[in-house]
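So that you can tell them apart, the chains are marked A, B, C, D, E and F in the order they are listed, and the count of residues begins at 1 in each.
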Amino acid sequence: MRKIWYNGKVLDESEAKLSIYDSALMFGDMVFEMTRSFNKQHFMLHEHLKRLQRSMRCLSINCEVSFTTLEKACHLITEANSYEMRDDDEHRLMINVSRGILSIYSGVVGVQQGPTVMITDFPLKWTVRGFGKLYDEGVNAVIPSQRAIPSRYLDPKLKHRSRLHLQVANIEVSKYTGDNNWALLLDEDGFIAEGTGDNFFIVKDGVVYTPEGRDILRGVSREYVIALCGMLSIECIEKNIEPYDVLDADEAFMTGTPFCILPVTQLNHKCIGNSSIGYYTKLLLDEWGNSVGVDIIKQIKLWNTTSTDSLNVTPYMFKEMS
Amino acid sequence: MRKIWYNGKVLDESEAKLSIYDSALMFGDMVFEMTRSFNKQHFMLHEHLKRLQRSMRCLSINCEVSFTTLEKACHLITEANSYEMRDDDEHRLMINVSRGILSIYSGVVGVQQGPTVMITDFPLKWTVRGFGKLYDEGVNAVIPSQRAIPSRYLDPKLKHRSRLHLQVANIEVSKYTGDNNWALLLDEDGFIAEGTGDNFFIVKDGVVYTPEGRDILRGVSREYVIALCGMLSIECIEKNIEPYDVLDADEAFMTGTPFCILPVTQLNHKCIGNSSIGYYTKLLLDEWGNSVGVDIIKQIKLWNTTSTDSLNVTPYMFKEMS
Amino acid sequence: MRKIWYNGKVLDESEAKLSIYDSALMFGDMVFEMTRSFNKQHFMLHEHLKRLQRSMRCLSINCEVSFTTLEKACHLITEANSYEMRDDDEHRLMINVSRGILSIYSGVVGVQQGPTVMITDFPLKWTVRGFGKLYDEGVNAVIPSQRAIPSRYLDPKLKHRSRLHLQVANIEVSKYTGDNNWALLLDEDGFIAEGTGDNFFIVKDGVVYTPEGRDILRGVSREYVIALCGMLSIECIEKNIEPYDVLDADEAFMTGTPFCILPVTQLNHKCIGNSSIGYYTKLLLDEWGNSVGVDIIKQIKLWNTTSTDSLNVTPYMFKEMS
Amino acid sequence: MRKIWYNGKVLDESEAKLSIYDSALMFGDMVFEMTRSFNKQHFMLHEHLKRLQRSMRCLSINCEVSFTTLEKACHLITEANSYEMRDDDEHRLMINVSRGILSIYSGVVGVQQGPTVMITDFPLKWTVRGFGKLYDEGVNAVIPSQRAIPSRYLDPKLKHRSRLHLQVANIEVSKYTGDNNWALLLDEDGFIAEGTGDNFFIVKDGVVYTPEGRDILRGVSREYVIALCGMLSIECIEKNIEPYDVLDADEAFMTGTPFCILPVTQLNHKCIGNSSIGYYTKLLLDEWGNSVGVDIIKQIKLWNTTSTDSLNVTPYMFKEMS
Amino acid sequence: MRKIWYNGKVLDESEAKLSIYDSALMFGDMVFEMTRSFNKQHFMLHEHLKRLQRSMRCLSINCEVSFTTLEKACHLITEANSYEMRDDDEHRLMINVSRGILSIYSGVVGVQQGPTVMITDFPLKWTVRGFGKLYDEGVNAVIPSQRAIPSRYLDPKLKHRSRLHLQVANIEVSKYTGDNNWALLLDEDGFIAEGTGDNFFIVKDGVVYTPEGRDILRGVSREYVIALCGMLSIECIEKNIEPYDVLDADEAFMTGTPFCILPVTQLNHKCIGNSSIGYYTKLLLDEWGNSVGVDIIKQIKLWNTTSTDSLNVTPYMFKEMS
Amino acid sequence: MRKIWYNGKVLDESEAKLSIYDSALMFGDMVFEMTRSFNKQHFMLHEHLKRLQRSMRCLSINCEVSFTTLEKACHLITEANSYEMRDDDEHRLMINVSRGILSIYSGVVGVQQGPTVMITDFPLKWTVRGFGKLYDEGVNAVIPSQRAIPSRYLDPKLKHRSRLHLQVANIEVSKYTGDNNWALLLDEDGFIAEGTGDNFFIVKDGVVYTPEGRDILRGVSREYVIALCGMLSIECIEKNIEPYDVLDADEAFMTGTPFCILPVTQLNHKCIGNSSIGYYTKLLLDEWGNSVGVDIIKQIKLWNTTSTDSLNVTPYMFKEMS
């Protein structure tokens, strides 16, 4: 059985639970990170943990676990679970920090312990089931009626769990005709914000654009694509983008930790560019693959093929990925 | 040990936990109700459960537990825990319904089961620790920089758990000088919305006013106060209220399930009316007590006196109450 | 061939055209009314023409045709076309007033003539093709991403033609699964505004509610339903309504000139009340029918049955009705 | 008589009309372009037609006329009308594409034909009557109470006809004292958007600024001025501009297809810079003239002088130009 | 020479000055009231002083002068100046309370004294110069581009001096053609707010409407008109009003302390009702006059006639009146 | 006694007063500048006076005093007061221009004179009392509930006196626990705007950022820091900044005329960087000092030490500094 790290202890995965009296469940008051490996080596773990600490600081979650301890714990759990993974598997870590039991419930559940840190790990392949064909067909980005919550009310740059509105968006988009529909939320001004677990990019005349880091999570994959552009001498600009700009673009794509990059070929059922994976999209995906020694598309398609599980995945359920 | 109801089973309270892969923890995707008893009889349980069902329907949480089953389960748990309660205790039920394990994690945690319904129960007194003096001194309502999330982004009328911003407001208010500071949030237009677990009322020239039911939870206690006004032939109007109106009022109060009604005698450290519990506030509290056969102030003050636990309750922790 | 009234002249219907240099086509700068008859008697013609004059005055369209002349012209055209109508037909008048040729184009098209007044007339049945089943199944109101334009930018209370955004909403809704989907627009605050050719009502605990007359056309049918409520001693309140309120309602319906009242049984595919035509909806429809001596549902269903034309009506095309 | 191109046919200009049942008149549901020639050679025709196609795609107007056909039709009509033009005339093409007859009216007007494409052509001089003196006196840009409609409600980057609010702005400005008053609309945030048929620029310390391409039409003349700046090694920045910035600028100008560039010397009757045509304004105008072989100011002044028509052009009527 | 009351002392009017280091001049940090007499008896003085105290409390201006002292001081100054007034004069009191010298400037101007209370008094006639004809011709209310500052930024219900934007609105309106133009500001939602020194009312079908007391000063004259409606059994409703509603009304008027009520016969140069003083407007003005024993119109017209001073009063200068 | 310049006359400082009937007191209708000297040489006087003229032009304050006269007057007063200053003093000029007596009050105070120009001068040290320790401890920037007024309502880029809301913010912040709390206002979008008399900067990875010049005064000190960055080859970017960005920064500081630069080490009681004065903050302060020949920190600390006055300076009183 897979193991987890729970406030310093290594426990069975079946213990990956939180008390109903924890502020995490009471208020969605928990911050987290989700990572992936390439060839079983953690990718950008340092950046993820730095962001985790920033999320805690901004929310006054006073967790005493040091950065070094967190980092070691991630490696410890990865090692502990290595025997549970197939050769072609990759690790997916989930690191949660909750504020802990609310003090008014200390009478109910006993002495208050402060924040809970929990690290879990499982095969990445489960989260990209059925994504293989998306590299060929592309995603149809659909703008739901649900808007992104403006950051001044609740800042998505803090990676927290209080985001029911993203599920509402997913449910809404599940009512549209056609396959491959993914929600793409607008912000209050009508600018593209983000998907429900992914960041968005367009390419126009050889320049890459992505929304300003305002009403979005500044995803680690987003940062890496910006870095890849630098390496490839492609200009990449953070800028307000409107639906008009998407339809005026040559290509578009989404980024997220499990799948890295996915082509977006339609906006609201209208074609973007020539409706197939774009030149720059492919270039960036290849370069990413080269930098980590994995053929990303091939790996995901292989998992899709070999997977023996045939669970029915409704659209609004398969998202938890940036 | 106290018991809980968990998807049809009666379990020990120590089992009141949810999987980290439940949508409740992933997205704050859980609806709930919290009730109280008077003389150990449930108050407005029917109204609470009706609202719970409405919250589920609005969010497409397709829970198959019927209204009758839910109601019976509440009584069952109350009965089961009756031996754990002191004579002067009251019950506090918490009924949570989560969407369940996200389907992408079914590979991790096994077969997906759909929504989780959990009912817990504990002595109400723990949630009103230290409130006795507030009936004499009154609350100082403080308007934090944090605004209520507009309902079009995430509707507070659905009683859900995705509300980290309320904790942010509580933390902010904990930095103010003085005791008895409770957060009172404005909405985007600068109108009074609600506290972080309570509704707000003012009284002016014998008329009671409370904010329109827009960017707030339409609390059961709020509804009951409106009903009490009707019984007492006091006019009660739902209306946009600004800070100016509060300072122009004769009295003000907050409502919440555990404490029913609390006088508010200051707004941002400025006096409201004559700075003590107001005539109508007291009248409504007395009438409420009469209707349920409990002297509400006396009961809370008694609990404060006899309580042997001396836990340090920081201001931003004591709220979970409407 | 049917006749039209064109700036004082009676012409063939084939002359119902406007110059491409008219401000109507240049700027959507035209006001209009559309009416219907019951048993071939005009309904609320006076109210429609009064609103037409108000629209003109607000937009400084200085048309010199008097109210009396307009009214007479309507009757004249109705009479002229009576021989073109079947016994079971009803008249549908369309009265347009454009600002006229823009002065900069007087060089192109000759002397500038000022406003153009055009009255056309045709059988009502064409505009309610396929609506019969909606009285049984009800409409599924779908909230699109497209919002109503706030009245301070362009006032929908003036019945003008500059409303491309309504077509955008219709196109958006045509992409949803299922039949009977009609767009229902929210305003900027997330309140229900109106459909793309209809007003909206809910009923809760025997009280009828309809959105305040702000970001909507104050439809003549809407006004008549309010009047019918008065006649039937049903309380009818103009009030901000949110999607939550619709799902909390007992019944809902839309109003529009061609069909009078249509039941709305779903909001975003979620049931409203018991998912069939509501008690008050039926009561109001019956009362309306009584007041004009027509069984409204029966008439529309009959037209649907006897109609020999089988044109394919795509969802975003069938709306032009309030 | 001048000729027009109408869905593939060449007709007399007097046929330049649309049915009252066309979506163009029903909903302002038509897209268009207006061009001009220099020395009878079309200017930027390719760019205009590309934008036309983008407008159609964004609005799901499925017109089957190809780009090449459109381009040829423009030249065909130009050629056909060459005998109707004086030697010193320039062509002004207007290309309109409407969605076509609404399907519910197919019963009225017969078989539905889909989009209507219409190309008309006339002497440019009529649209710049009286503009000659503006090159000396400059325009007084007046900010009306009417705001630009935010692009998320109706996108001005699509060149459509649903823009009655621009006429409302023109009417409002016609009530101001003084000559040469042109409306300059603010967007919802108080930033300069555009005129009612022109884009706006300022110059400060040798740098040219123009509003970001958000709540405006991204005019072809605007794009050309940006290109001219590049050719002249003048920095040109797209940026939010406030009225304060205009009064703090050294010079200002407007751009539009018929007149290319017009100096703006006042904002709300307050001087900008030294109140005459600015150095960079003149430089850009000269460079434009050089690039097309026409002295733009001289041509317009000449037309003004020789024109024999003395029609009274009220301020709110002379705008249709970007 | 007229006298003033200055922090308890009676001084010559020439001493009616404040230090440049007073917070009043530094921050517009002063509250005030302006009253008038009828037949030399103060009108609503009690209400004015109550509001003054509320303004001070809301802004934490801790003035130690009691209500009684303030009231007596008003009467004292009135009495002192009675010999300076003509028989047909009325008193106009201005009562200012500033926060006082900023503490950082105590080094400059010596010991800090706290708030300054100053009461001045002069003949009312000077403030209504030229108003006589407005009772016949009516005001043309003009909506400027300048909007009312939303109350959540700076609350106009507190009668303070930080309101430069009202002068900006006056200056803007002074550029319009025609006489009798008065600014009427919209709020951020496009609802009518108030003039730059007056409140606004409309009458429709015998019911009087005035904007909700949100983004406005709740003027004493406004309150009195509401009271007069009660006395006359005219329904008076506080409600959001849009420009459309004004043009749809039967009559309109403004209220302000010096002139009580003025008919508004145009909005943006478009007629309201029949363009002369309305029935209810006249009725309310007569009733007001009866209640105070003064023929209000006659008095103002008389002052206009007999006044020997011929100062040039530019439009943006004559407002200081609510 | 110190002298002032008053509309061309040199008067005693005790005459630095304005009539209560001046538009400055009536409407907060006055513009101003405040400067400082280094080693008794005026700093950026030219820039201050240029801005003063721009403020006047934007507000249509038609002052006839020329730029040269203003400049000379500043020097004249400085010279006149040189004997009143200690050797270690610096001059602080305050230049006010009011619109003048409102014309309706010309009857009260005699002939209207137009704008009043007043220049005063006093030792700078009084305005930085107690600031010495802030260079060691840093400021705790606190975000109050009070938001900056959006520039479209009242433009803070014009340096005017109608800014009571800044005092409201100061009062609010004075209620927080802890020392060194300074208000830092957000704008309507939740971006950092400015303090109540200072501009804000952050430093991240060696790049300096400051809010765009929109809802702020573009302070002369702000401009100088941008220039210093240029001199030191530090990149400085004007950009929207959110609270998240501040907590993600390495250092932060405020700028204002009296103190030049002050380190900000906390935001809402949460640490920024390592909680002491940052590397770039110190570098810029040193460079500033070098450029003017004054050790800025030392000078302020010295004044704090030698000052014999022990006035109690409450937090909300000590701000008047940009």
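FYI, a residue touches a chain if its C-beta (ideal position, glycine included) is under 8 Å from a C-beta of that chain, and two chains touch if they have at least 3 such contacts.
Remember, it's a predicted structure, so these values are computed and weren't measured experimentally.
Q: Once the contact rule is applied, which chains count as partners of both chain C and chain F?
A: In this structure, the chains that contact chain F and also chain C are A, B, D, E.
Q: I want to confirm something about chain B and chain C. Since they are copies of the same sequence, is their interface symmetric in residue numbering (over half shared, so same) or not (under half, so different)?
A: Under half shared, hence different.
Q: Mind checking the centre-to-centre distance between chain B and chain D? Centres are C-alpha means, answer in whole Å.
A: 58
Q: Could you please state the distance in Å, as a whole number, between where the Cα atoms of chain D are centred and where those of chain F are centred?
A: Chain D and chain F have C-alpha centres separated by 45 Å.
Q: Report the inter-centroid distance (CA atoms only) between chain E and chain F in whole Å.
A: Centres of chain E and chain F (C-alpha means) sit 33 Å apart.
Q: Two or more other chains touching the same residue: where does that happen in chain C?
A: 60, 150, 152, 186
Q: Which of line, ring, star, complete or other matches the graph of chains that touch?
A: Topology of touching chains reads as other, fitting no named class.
Q: For this structure, give each pair of chains that are touching.
A: The complete list of chain pairs in contact reads A-B, A-C, A-D, A-F, B-C, B-E, B-F, C-D, C-E, D-E, D-F, E-F.
Q: Over in the complex, which chain D residues touch chain F? Could you list them?
A: Touch list, chain D to chain F: 186, 189-190, 240, 242-244, 247-248, 270-271.
Q: Can you list the chain D residues touching chain C in their complex?
A: Contacts found on chain D: 13, 16-21, 23-30, 59-60, 94, 96, 99, 102-109, 112, 118, 120, 122-123, 125-127, 129, 146-150, 152-154, 160-168, 171, 309, 311-314, 317-320.
Q: Over in the complex, which chain A residues touch chain F? Could you list them?
A: 54, 57-58, 60, 150-152, 155, 157-158, 212, 214
Q: How about chain E: which of its residues touch chain D in the complex?
A: Per the touch definition, chain E meets chain D at residues 143-145, 172, 175-178, 186, 268-269.
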